[in-house]
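Each of the next two complexes has chain A plus one more chain, namely chain B in the first and chain C in the second.
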Partner chain A sequence: MSETVLMKGNEAIAEAAILAGCRHYFGYPITPQTEVAAYMAKKMPKIGGTFLQAESEIAAINMVYGVAATGHPAMTSSSSPGISLKAEGISYLAGADLPALIVNVQRGGPGLGGIQPSQSDYDFVTRGPGHGDFHVLVFAPSSVQEMADLTGRAFHLAWKYRMPAMLLADGTMGQMMEPVNLPEPCNAFGDDNPWAATGTEMKRPHNIINSLDLSPENLEKMNFARFERYAKIEETECLWEEYLMDDAEICIVATGITARVSRNAIVEARKQGLKVGMIRPITLWPFPKKVLAQAADQVKAFLCVEMNMGQMKQDVELAIRCKKPVALCNRVGGMIPTPDEVLDSIRKIAEGGMEA
Partner chain B sequence: MAHHEIVIAGFGGQGLLFIGKVLAYAGLVEQRQLSWLPSYGPEMRGGTANCNVILSDDPVGSPIVQHPNVLIVMNTPSLDKYEKAVVPGGKIFVDSTLISRKVERDDVDVYYVPATQMAKEMELGNLANMILLGTVIRETACIKEETLEEALKHVIPARKMNLMGVNLKAVQAGKDYRP
Partner chain C sequence: MIVFEKPHALTDTVLHYCPGCTHGIVHRLVAEAIDELGIEGKTVGIAPVGCSVLAYNYFNCDMIEAAHGRAPAVATGVKRALPDNIVFAYQGDGDLASIGMCETVSTAARGENITIIFINNAIYGMTGGQMAPTSLVGQVTQTSPYGRDPKTQGYPIRVCELLSTLDAPAYLERVTVNSVKNVRNAKRAIKKAFQNQIDGKGFSFVEVLSACPTNWGMTPQKALQWIDEAMIPQYPLGVFRDKEA
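For the complex of A and B:
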């Protein structure tokens, strides 16, 4: 393991991407993710990589598409409004079965919203951020260490399944510094990508990278095939963390910064004799449905702690088939729930006073 | 178990994030659990800036400090904003050159340090922040004295390493200060 260093979450993403072998970054500045671009601007030229500040978010994602088509790892990063702009390009990446990493350090919305942290892009990105039937892999880091670790994993799986992956953080995770052990350098991508447009040298048929297919029969086949891959991913690639779930009667479900806040509330609740635990989804698509369904047989109620109007709560209700009540503790617009607020919600549920 | 939840607050440009970083790097050198969280965005451009630092022997949960046990303030709006949040028995460090009012709480320890005036008299430029840090280290032992210099090596940019001496001098002045 490497030496422990202190880094901002945004910087950890950038360094981890470089260590994973990414040499192409395209972006456009927006708070609160600009440190990703700043770090890349400093580092990429020194290691023979490309840093390019595009004329817009749309241009940046299409540059990613171009590099991905040649079989090379590429990434872009932005924050919520910028991700909306990238949606078309993400759909094209999915339609052309191209791997890429998109980082979204969320801020309050809708519209231009604000610049303080938020989790309100949950529905947008977990349903496939763009038109058409597709998914992207979505990872929700909850520490600077995970910002680094999940960047490498996102790249790896994007490559393995030939699909876009998204790192879904928020302003707090991006701006905070924590100790981090950076991963060892590797090349998760290999040079042998038989699907890539690398020049045929007259030795093989052309590889055509395209998301257009005017034959409905073919397009249907492509969609079915893609969803077979998605089914396999849902089966094998879910990640989550359980915290004090062994004897839990109330299960908190939270990700990213709200999972950190919830941890404080759980410690306090336990001191008061309340049996609370947490399931923290680390992949938001695929969503760890099975572990939640199992927990539904054990706990009396669930509590979603979110920085949106309860978007993930719906996924929890679906996962547990509404077997148990699911309550919500939330703040929006750039506000972050406090441990006291979460504790209040826990107490209300324990006293049977909180309607789900 | 040592556990310090620190809020550092004042105007942008007073070096609040800087002393937060010094504390964070000291924590790193001491192999402790820690987090450093700055305010960001328009707040930092001329308005109030603040920085949350947690140093602990246990893993850090939320990096957001709701109830600090150490508060360092360098302007009156910050004292107004955070005074009530400090836990009973906590410690408040006030730059008494810049803040004329007294702390109203009587269940906390308060240290008034005329840091800005001291920096001026000792020709330490804008190192009032480091003077305050010296008093904080003496009174809270949140970091070890011997790790300070190592931490500063991480925080002071390489091209400004010649400023190490004055920084250490400022910290020492804060350590030595008695009203």
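For the complex of A and C:
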């Protein structure tokens, strides 16, 4: 590990991407993620990389598509309204089986919404953000350290499975400063990408990077093959963290900043004798269903703490097949739940007053 | 004795274009330029969405299919990753001048060192003949069945003229392929647009006035005449920018 530095979450993403070997960044200014672009604008020219402020979010994701088609790592970053615009390009990346990293530092919505933190793009991005049947790998960091660590991992897995990956942070994660141990420089990508469009050198048949197939039989086969790959990913790539789950009777499920808030509430609840633990999904797709299903045999109830209208709650209910009640403690529009609000929800459940 | 060969930069795939369509001619000219400049092995082409969506099957170089209108952005990414390669985008009028106008103008304004071949046939061909941003005033299409009315549908966009207001482009020329003489001239322009890129001169753009007999509702011969009679008065041929000259 290299030295410990104090960094903003957005800057940690940018530095971690460079350390992972990414040399091409395309973006468009939008709050609260603009520090990623600003960091890249400073750094990339000094290390022979590309920083380009694109004319739009749409152009930025298509520039990423162009770089990815040549077999080189590329990334873009934005916040919620900008991710809506990138949806087209993300679908094309998925359809052409191209790897790339998309960072989404979420703000409140819908529409122009606000600029305060949110987790309300959960459904949008975990279901495949764009038209057609597809998924992107989705990582939800809960600290600046994880912003850095998961950036490298997202790149690595995007490359391994030739698919887009998304770092889904809430605005708080992007804006807050914490000490971070930056990873060692590496090249997670490899130089041999026989599928890439780099010029034939007159030595091989031409490569075609494409998502179009006018034969429904072929297109069906490609979709089935892609979902076989997805099934393997769901089997092997789920990440989560458990906190005080050994004797827990109430299981909080939360990500990002709400997991941090929930931790404080759990410590307080434990002082009051309430047996509360937490499962924090780190990958949102694939969603850690198995560990939640196992927890359903142990706990009396679940409590989702979210900055949206309960989008992840539905995934928890699906994962546990509605075996136990699932409650929701939520704030939206840029508001963040307080530890006291979470504690109140815990108490209500403990006192049997929960409505699920 | 072989007197006329297919360019190596074209594959053996049979073109899907309609009888009388001039895409085939322009494909051939692009391929001839690539052959003559000896750049096939390091060329990466970007196909659009529209009639030439399948161009990736016809050119022998590495090819990338872009989303509708996004070819200049994709080409920008490719060129930034592979600055020593030759990158071209091949786009129609709906792709380049309507849904992709922002990408077109911005890429030109940055002066990206790429080549764009722009097929202007004043209509959306692939979807069956709808009004294009370059459709002429009064032109009857599926979505302007009473003729393009400037009061509600505006006027056609002259792309070379529009781009010529920018500082960055190195080369902007409008040509056509409706006669042997014009085909030879178009070949010269297309080859120059690739040579400029090899020489690092920057954004090079050739607009080719093209025929769409199927959707214009004309015979192939009449369609070539219509380029002379109707299109060239709206879209004058010529060089709009040549930083070398």
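By definition in this document, the second predicted complex is superposed on the first by the 356 of 356 C-alpha atoms of A that agree within 3 Å, B and C clash if a C-alpha of one lies under 4 Å from a C-alpha of the other, contacts with A are read in each partner's own complex, and residues count from 1 in each chain.
Criterion: a contact is a pair of C-beta atoms (placed from the backbone, for glycine too) under 8 Å apart; a residue touches a chain by one contact, two chains touch by 3 or more.
The model shown is predicted, which means the values in this text are computed figures rather than measured ones.
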After the superposition on A, what does A:V64 contact: first (chain B), second (chain C), both or neither? second
Counting only touches as set out at the top, which of chain B and chain C does A:H72 meet: first, second, both, neither? second
Partner chain in contact with A:P32 - chain B first, chain C second, else both or neither: first
Considering only touches as defined above, state whether A:I115 meets chain B (first), chain C (second), both or neither. first
Based on the superposed arrangement, let me know which partner A:A54 touches: chain B (first), chain C (second), both, or neither? second
Of chain B and chain C, which one contacts the greater number of residues in chain A? C
In the overlaid three-chain picture, which partner chain does A:M278 touch, first (chain B) or second (chain C), both, or neither? neither
Should A:A87 be classified as contacting the first partner (chain B), the second (chain C), both, or neither? neither
Residues of chain A that sit at the chain B interface in one complex and at the chain C interface in the other, please. none
Name, in rising order, each residue of chain C that touches chain A in their complex. 11, 40-44, 46, 53, 56-57, 59-67, 70, 73-82, 85, 102-103, 105-106
Under the definition above, what is the set of chain B residues touching chain A in their complex? 21, 24-25, 28, 31, 33-38, 40-42, 60-64, 66, 154
For chain A, which residues count as touching chain C in their complex? 24, 26, 50, 52, 54-56, 58-60, 62-70, 72, 74, 88-89, 92, 96, 197-203, 206-212
Given the complex with chain B, which residues does chain A contribute to the contact? 4-6, 31-32, 115-116, 171-172, 175-179, 257, 260-261, 263-264, 267, 336, 338-340
